[in-house]
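Residue numbering begins at 1 within each chain, and the chains themselves are lettered A, B, C and D in the order written.
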């Protein structure tokens, strides 16, 4: 049950996917990374752990999430579209899959507390949720700018019993929240697990988070089979750090399906980035000529990240997956179209994937293609922002 | 599959549950009510319709929703608690079950448009969602006071392509939205279906909506069986109009389970009401000594209704179900407790049911009881309001 | 046959088309004087609207009137008390929603109406299917129950209603709440259907806002009901004199109507 | 054995405890004069901090310094240019995050450092496991790679790092980012573990903020690194004179330390 298809197989012993990945962390954190790797390997091959993980995701997390045919959007675009509904998972996105796994692991390691970084707050809310469920203390680091943009998500985390710490360093957004969480982890590794929110960071995180998210692709492939659709021609997902994309790709990496990750144009690590080292990993990063990391800029906080998970960097350079980017202006139309035609308001992150499909239908996507869209999250968290923008436009 | 257990069986030919129910509508609407009854009877006994209804709820609506054990709250209260997770259904509450059925029926009747009333906006969002999915035009009536309280839900409906009409008559809340929707229905019955949001209104609505919601109880009873829990001692649900309660009760009406509906103290139609006629039905209503309907007052917009569905009035007077009420002040503590202990932020409506369980654990609910809580909806829609209230308290 | 119907049939026999104004009882302290003024100006019967908090079939104008009356403290009892001072010879018909009577107690309510000189009741949300108890309660007090037929009513239902109604058959001129203007086609079919079944007088209401509409409607029916326009006049501060003028203009239009109406032929164009 | 280590070993042989101040390169236009002042006041080697946008292991003070320096336009090249005007006899050690070198090109970076008189590099996010390429690049230019050991390092890892490090072994005094005060127990174990494996000099850093802490740390190690407190002084506007006084006070405390330290015994109470 736990095995990923062999194309997206395990990284090497030191966590490399081709030239990317690895571990680039202060020595203070190395023991914790090593401990985590051992613990995860052990847990992931333990049937009892697998059973608990699956049971919690089923009973608490709302899995399996359905695959929904999108008949009206399909008609409009001349495609055969299906959506994997991570928006229906508990807390409203795929993030829960990862945090359930990591909090169970935290308990297994005998730790009593988790910390996490968050951008818009989705991963923070998910972490606070799982921590509440398992009785772990929880502290979430969030850029001060984001705490102000996402007041309600801060309150949501507080309701769930978590402490939210506004990060005032650097650009005061996600990138700095990661830095701060790492800094804090240094001082509390003994009783605290750092619950990283995407397929990034030092080994084993990129691999572990992909494994924990692979349930998306594994489910979807079986569901499409059961629905008589078979293997899709195309699998499309938005990419911030890349966890929802990695999760869905994992189910199709060894099929004939084209895999497409859609980045925000203002945070396009594949499109505009180059190899570099940040946040514990070697990957593709947006950086200036001197190797200083640049700030990403996107309408969607969840894609507002200057890097991408190392496995994606590998998939991109090896050609197994393609990465495209979509600008802020195209995103709102996509959000509106999916809402009006299919009754699903997607997250702004997800809307990037929708926008790319809209744009390329009949172009890069041949008419009649069977397309699986990973609907990574719901848009409820974004409606206030979208409303402001649309009002501003008027 | 479509049959409800015999205790909560079909009403009589004119839609009576004991002395309650029936049809009290302007003659202009009688033909539509009769047509609807025929159409629903026909559809509900048609396997093809049942299959479509079930398929849409599965693929689009996210059913079955899980039953989640609540171990930490159980420990705290000395009970064995389970939650039926309607908060995980598409749009965030049980409302989708009803609207999917009614929009499918609308198409079957050859109508091209739906109208609906809404209070906080949950039913309006659900209706707009299903209408978008099936390509029906949609107009939602919402009290002007509520459109101001729930700006984001208004926008959500608009994103889904619906038109939201602020109702400026009377108290400008849910009760008046129903009046207005009825008025509008009078002038457009030929092409428009009135998609009523709860087990209320004229026959066949209370029966039809209960049937459409009974999937909650049918699923839950099978799930508890499968989990080895068997028949619960107690089934608890909050009651506004009573649709989520009716839906879950339907799965347990013929078992030994006690059934408890929890009303808002300020809208307690069973506790403080008396028989009367409103919105097409005879039921229990809050009214003054002259038969004028009183305004309900509750922290939760979804329970802010002066009546209750006629079948509940019947279940209450016949003694098969008990109805309790909970004040605003008790609701917030319950919302916080469930959030902190179980990682689930419930809707304010749902929190009434939680609050009653908290209050009566060890009292009216003997220690060790197996309790099924119908977790009718998620609290995301309410966090802004809760935040304001808690800030005000400080 | 109840007294009300006897009276209205004999009115019809006399060749006079009935003009029935609707008043929100208690809307102003001197509302009974308004009623008297209307009678003076030619009204043949009066609809006495008893305010209910949730006037489901009424449009904004009547809603406003009802609300104001309720705020002034109007109740069924206060209305009946007011009526005791009213001196008029024309029939009075109550119009309200069912909960008012249901809550008061059906027999008690019927008795109270009768004691106040009311001889009929229009209860728009009381369907004929649910009317048995009310009907029974009314019989002892000789109160007629008047049913409304709608353009959406199937011929079967028109038959059911036209034979069940007492006093007159209330034909709503269009599929809308009170206060919108009449639709000729709608009215025409309902009236024809009703007449095919029963010889009870048929009055047209809902959507009669001007003397011309009243004249046209009267040409295909036995009478017209005027509600919203009158309530609007009173909400706007119209006094006894204004009401007399208003009703007078309707009376005149009806009485000077030619034999055959354009109300129907227009619509057929 | 690389030049840096030869020099630091002979310093130890001379009986002198090393005092190593850390400067954010480019923080002020006259930063090289600050370095010279520190040497004048008794510094034995200098850590040259090359600013990186995401200083993951640094506390708020150094972050602030780094940010200001970046805003002033500091780059690896500009720093090397500044260094060409520096006249000093003590070893210079670069301290930065790996991406700066990786992006510049590892061999190119090592050559550049060497050409500027730098003989060692501390790269806190470069783990020994990932250091092979960097190490290879440095060999040609005789640049020493210095590893940090942490209180959380297992004995195995301390052994690995103490034998892999060149120049000195950087013992972080506590589990925290730079800028928090030292924890005696933490430092003690790491130093003991390192010494058990290797006779490379061991310097204590991270958390040395006062002359007293420096004195105590020097008593159980071969030298101390002072970063945050010095950067704070410069951020607060401290001039060459202030830096001389500051370093002088640390020098004095270290040189007048008794043979055995309270730094450890205190902590054991």
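What we mean here is this: a contact is a pair of C-beta atoms (placed from the backbone, for glycine too) under 8 Å apart; a residue touches a chain by one contact, two chains touch by 3 or more.
This is a predicted model, so every value here is computed, not measured.
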Target subunit D, source subunit C, minimum contact steps: 3
Euclidean distance of C-alpha centroids - subunit B vs subunit D, Å: 66
Chain centre separation in whole Å, for subunit B relative to subunit A (CA means): 34
Graph class of chain-chain contacts, one of line, ring, star, complete, other: line
All chain pairs that touch each other: A-B, A-D, B-C
Residues of subunit A defined as touching subunit B within the complex: 58-60, 62, 65-69, 72, 85, 88-90, 92, 128-133, 135, 151-152, 155-156, 159-161, 335-336, 339-345, 380-381, 383-384, 386-387
Sites on subunit B touched by subunit C in the complex: 14, 22-32, 169-170, 175-176, 179, 182-183, 186-190, 274-280, 282, 285, 287, 290-293
In the complex with subunit A, residue positions of subunit D that touch it: 52-60, 63, 67, 70, 75-76, 97-100, 102-104, 124-127, 129-130, 147-154, 157, 161, 172, 174-177, 180
